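The same subunit A turns up in both complexes below, where it pairs with subunit B and then with subunit C.
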Partner chain A sequence: MAKFEKANSVGEWLDQRLNTTTFNKVMMTEYWIPKDINFLWAMGVLLATTFGILIISGIFLMMYYKPDIGLAFDSVNYTIMQEVAFGWLFRHMHGVAASVIFLIIYIHMFTGIYYGSYKQGREMIWISGMLLFMTFSAAGFSGYMLPWGQMSYWAAMVITNLFGGVPVIGDALVVWIRGDFNVADATLTRFFMLHVFLLPVTIMGIIGLHFYTLRIPHVNNQSSEEFDFDEEAEKYLAGNKKESKVIPFWPVFISKDLAVLGIFLIFYFYLVFFHYNFAMDPVNFDPADNMVTPAHIYPEWYFLWSYEVLRGFFFDIAGFKAFDIGLIAFAFANGIFLVLPWLDRDPAILPAHQRPLFFIWFWVLLADLIVLTVYGKLPPTGTNAWVGFFAAVAFIVIFLVLPIVTKIDAKRRGSL
Partner chain B sequence: MRELKVLAVVVALTLITYWGVEPFAHSQMHPHVAEADFKFTDVDGLKGTKGDATAGEALVTANCTACHSIKTKGFPEVMDNASSAGAYGVTPPDLGSAGKLYNADYLAAFIKNPAKASDVSHKFTDGRAHPMPGYSWMQAQEIADMVAYLQSIAPKEMTNKEVFVDACQRCHAIKYADMQKGTMAAFTPDENIKDYMGKIPPDLSQYIKSRGHGYLETFINNPQKHLEGTAMPRVGLTEDSQAQVVTYLEEVGDSSKEQREELGPKFLIYMVIFAIFAFLWKNSKWREVH
Partner chain C sequence: MSNETNRRDFLGYSFAAVAAVGGAASLVGMKQAWDPLPSVLAGGFTDVELSGLKAGNPVTVEWRGKPIFLLKKTAAMGEAPRDLIIGSDRFTVAIGLCTHLGCIPAWKKDKWKCACHGGEFDANATQTFGPPPRPLDLPPFSVKGTSITLGEEGPEFKKIAAAMMA
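Then we have the complex of A and B:
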């Protein structure tokens, strides 16, 4: 065993045993971030904070929530919303944070895409991030079921039904997921387990992985400039803070994050208190009723684009059933972002505005996603159905042309 | 400058998406309906006939109290709720507050032809008849006298809850108003009301949340506007009475509203102060590196 001297302070005592000084340097004061960044680089800290809000508010909600189809609705809408001191505040914070976290995730994702922060060594950052997107989606979906309102029930019905499209085992799979032939009490209880235990634990694990993936390739910067982090770090430590291209995570980077966080929290709490219907759909304040189908069934806004890709194929094509085509397109939409680093055939890391065709590709993709999102909520009739169809086809085409687009950019520049 | 440009793009795209999935989508899913009409101009009403309450008293006593109670005037309920629901399909209302709750023209039209005035004629086909017989055989003056009498005996002030109880609770429960004792169940037993209306009318505990003010205001005034063919009658509430019903739904369904609106600005002020300090700290730190 190592020999321990008498410590003169609590800090020293801990340092002897846990090496806190070194840990602090590695994680905080000498964890280097590029200086050439804008506020979009604060989204990670915003996400971590919002996730923290979800965990804390979720713990308070869990103390009163009852995962039973006979009790769930009233435990949320009566007990928590009206009886428990500030229960309404925790529910509003939880519901709004669950919605807003997806806005930040999308901003974070598209920042990565715009600045090319997913390739040439940064693939694992991208993949772990996409895994977080998927686990957060599962958490959002399972959580939406818990109040056991009309939209909880019917969204669960529609989404679990989709698994019936899996070849051979489809029907059995649906029953296995639901724990019953129908969406029922067993379904609610298991989604409760997923929402409060398995998914949060998995998310925390992947967040750890996501942070770790940044270690070796480092964070990208606004001009995608490559430089030697060790060299720049030495400059900084030698006192040449102004020349150095890096800043330490603590306190310089975090000071900017907190400033952005301040603005974000004003926006967030405004929504929590005064503008929350977008996150807590009025339809879900009708108790679940398996005899009454709501006039319009739609998922939460952050699922609408992929839901519309699914729904866009509303007619059979060449002997293939509309449902099957939609399902394949849906699987494509949910998986394709994962392989983005390999669809981009341009070896250079550059921001989109320095990649002429990719720049167009980027904005077309965003525009298509917004169209899909908006039409994903509208009733799929008449023109709406056709807009949805063409936007869904466009989504697939957009990804199919990405290798070509990026190759042309690279060739014109001379990188290939 | 560049950061502001980036921010402008992010904000613009967020707002476009928000507009698309909220205001625009809802306007497409819930088409706009005409404003509530509290004058009930379309009904076969009093047409300006002035009634005499004294004459009305005799008419009401002779024609109404066989089925309706008027407890304030010494006419008790003829049967308990379950028995009267069994007899009529739905428990008949006490008439003590009718003159205050309902628009006078509507009341006159209702007495003459209940199914027509309440817009539910479609429910009473194939030999089914409205449980209340129409009194269109009476003279216009007699109808006006009865309305005048009902108005004269109605209380001047009623609480929001009293209005709800008299206007809605014969069919609708609102269980969140009394979760412990369960006194806010519908007066008509489930099996009778299901038979009478086609289904059990919804519990209204969360209607202020699920439907919101705008919808409730036009819906209660004329349910057919939003739900064509619905079994719910147009009940003819005056503007004031309806406002009291909606307020009651809010008191029960959104009891934390006052606290929410009181606490919100404080949170925001706190966050503004936090943001100011965060920016000052950021500026002090970044001054060293720029």
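Then we have the complex of A and C:
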């Protein structure tokens, strides 16, 4: 056994047993972050905070929510909204945070794409981040089912039916996922379990992994400059703070993060108190009815782009069923971001404005996603169907040309 | 086992065997826990009287939580292999869930239109536009006089199902 001296303070006592001083250094005061970054690098802390808000508001909602098709709707819309003290606040905080977290995720993702923070050693950061996007999407979908309104029900119907597209076992798989021939009580209760336990626990695990993936390749910076972190850290520790290209995570980097967080939280609570309705679809205030589909159904705004890719293919092409093409395109849209580091054939890490063709590619992708999002909410008839079709085709083409675009950039620069 | 396998390897292999059997058994159990319950599988049978239907005006009845479309066809709607013929009347019987992703299409004048992704089905329940990959599904039924029992596979059902496969 290790030899323990008598401690002179609680801090020292803990340090002897848990080595808190070293732990603190490794995780906080000597975790080095580049200096040359902007407010877009604060999104990670914003996301962690928003996830915390979701957990806390979720705990309070869970104490009154009832995962039973006979009770769910009233437990949300009557008990929580009208009887529980501040129940309305917890619900709106939860709903708005679920929506806003996707906005921040998208900003976080596109910051990474713009500055090339997904490649040449940073692939695992990107992949773990995309896994978080996927698990958050699953959590968003399963949570949307819980109030058991018309949108909850029919979103569940459409999304579970997507699994019917799996070859051979599709139909049986749909019944297995639902636990019934229809979306029913068994479906609600198991998605409640996924939403309040399995998915949050998985997300917490992947968040840990996501932080860990940053440690070895380190955080990227605005000019994608490569430098020796150990060397720069030494400069900082020796007192040459001005000369050093790095700052410690705590308390230097975090102070700016917290300032950005403050602005974000004011915006967030402004939405919670004055504009919560954008996260509360009026159709979902009709109780679920398995015999009536609402006149027009659509997912929450953050799923619209992939939803539009799914339904963009509304006619059979060359013997392939429209249903299958749509489903394959949908799978492509959800999987393609995962392999982004390998579609980018440019060996250099540079911000998009120093990669002429990639710069255009980036903004075209963003524009296409906005078009898909806007048309995803409109009824799929007439011109809308065609705009959706071309935007969906464009989405696929955009990713197919990425290897060529990045190669040309690299060749012109002389990197290839 | 080779001569070089020592006792620790043997212990490792025996644990792997126990873990594999236990793991496989747990997966089977967990899979079955998510299967529909017996009470759900036993789901009911629904009797519907067809004599009261007005030609050209489909009705929707509920069977096992799903909407069933029953349409008495007008002469203008023609004949199709999936027509259920009772006396001189022709009926279209279909599960009212779009074969694309399961929304309930609504009857608009002479066809069912799906609001979700724009699919359309004619009076014979055949897809005529949009993403649906196949006609509306045929629920099992049996015929007694002018009424049908949904959930039972009668000879009329089998004949129509065979005609649809052809």
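Methods note: the second predicted complex is superposed on the first by the 416 of 416 C-alpha atoms of A that agree within 3 Å, B and C clash if a C-alpha of one lies under 4 Å from a C-alpha of the other, contacts with A are read in each partner's own complex, and residues count from 1 in each chain.
Everything below uses one rule, namely that a residue touches a chain if its C-beta (ideal position, glycine included) is under 8 Å from a C-beta of that chain, and two chains touch if they have at least 3 such contacts.
Values in this document were obtained by computation on a predicted structure and should not be read as measured data.
Annotation for the three-chain superposition on subunit A: subunit B and subunit C fit side by side. Once the two complexes are laid over each other on the shared chain, residue contacts for A:286 go to subunit B alone; subunit C is not touched. Applying the stated contact rule after C-alpha superposition, one finds that A:28 touches neither subunit B nor subunit C.
For subunit A, the partner that touches more of its residues is B, with subunit B and subunit C as the two candidates.
When the two complexes are overlaid on their common chain A, residue A:331 makes contact with neither subunit B nor subunit C. After overlaying the two complexes on the shared chain, residue contacts for A:295 are found with subunit B and with subunit C alike. Residue contacts after overlaying the shared chain place A:339 against neither subunit B nor subunit C.
With both structures placed on the common chain, the touch criterion links A:323 to subunit C but leaves subunit B unconnected. In the superposition on chain A, contact of A:385 is made with subunit C only, not with subunit B.
Contact with subunit C, but none with subunit B, is seen for A:176 once the two complexes are overlaid on the shared chain. Figure legend note: subunit B and subunit C, brought together by superposition on chain A, show a least Cα distance of 11 Å. Comparing the two interfaces of subunit A, the one with subunit B and the one with subunit C have residues 295-296, 379 in common. If you check the complex, the residues on subunit C that touch subunit A are 31, 34-37, 40, 43, 60, 62, 64-67, 99-106, 114-118, 129-133. By the touch criterion stated above, subunit A contacts subunit B in their complex at residues 35, 38-40, 74, 77-78, 81-82, 88-89, 92, 103, 107, 241-242, 244, 247, 251-252, 255-256, 258-259, 261-263, 265-266, 269-270, 272-274, 277-278, 282-287, 295-296, 298, 301, 304, 366, 370, 373-374, 377-379. Taken together, the subunit B residues at the contact with subunit A in this complex read 2-3, 6-7, 10, 13-14, 16-18, 20-22, 24-25, 28-29, 176, 179, 202-203, 205-207, 209-212, 255-256, 259-261, 263-264, 267-268, 271-272, 274-279, 281-282, 284-286, 288-290. Put simply, subunit A touches subunit C in their complex at residues 154, 157-158, 160-162, 175-182, 184, 186, 190, 290-297, 311, 313-315, 321-324, 326, 379-381, 385.
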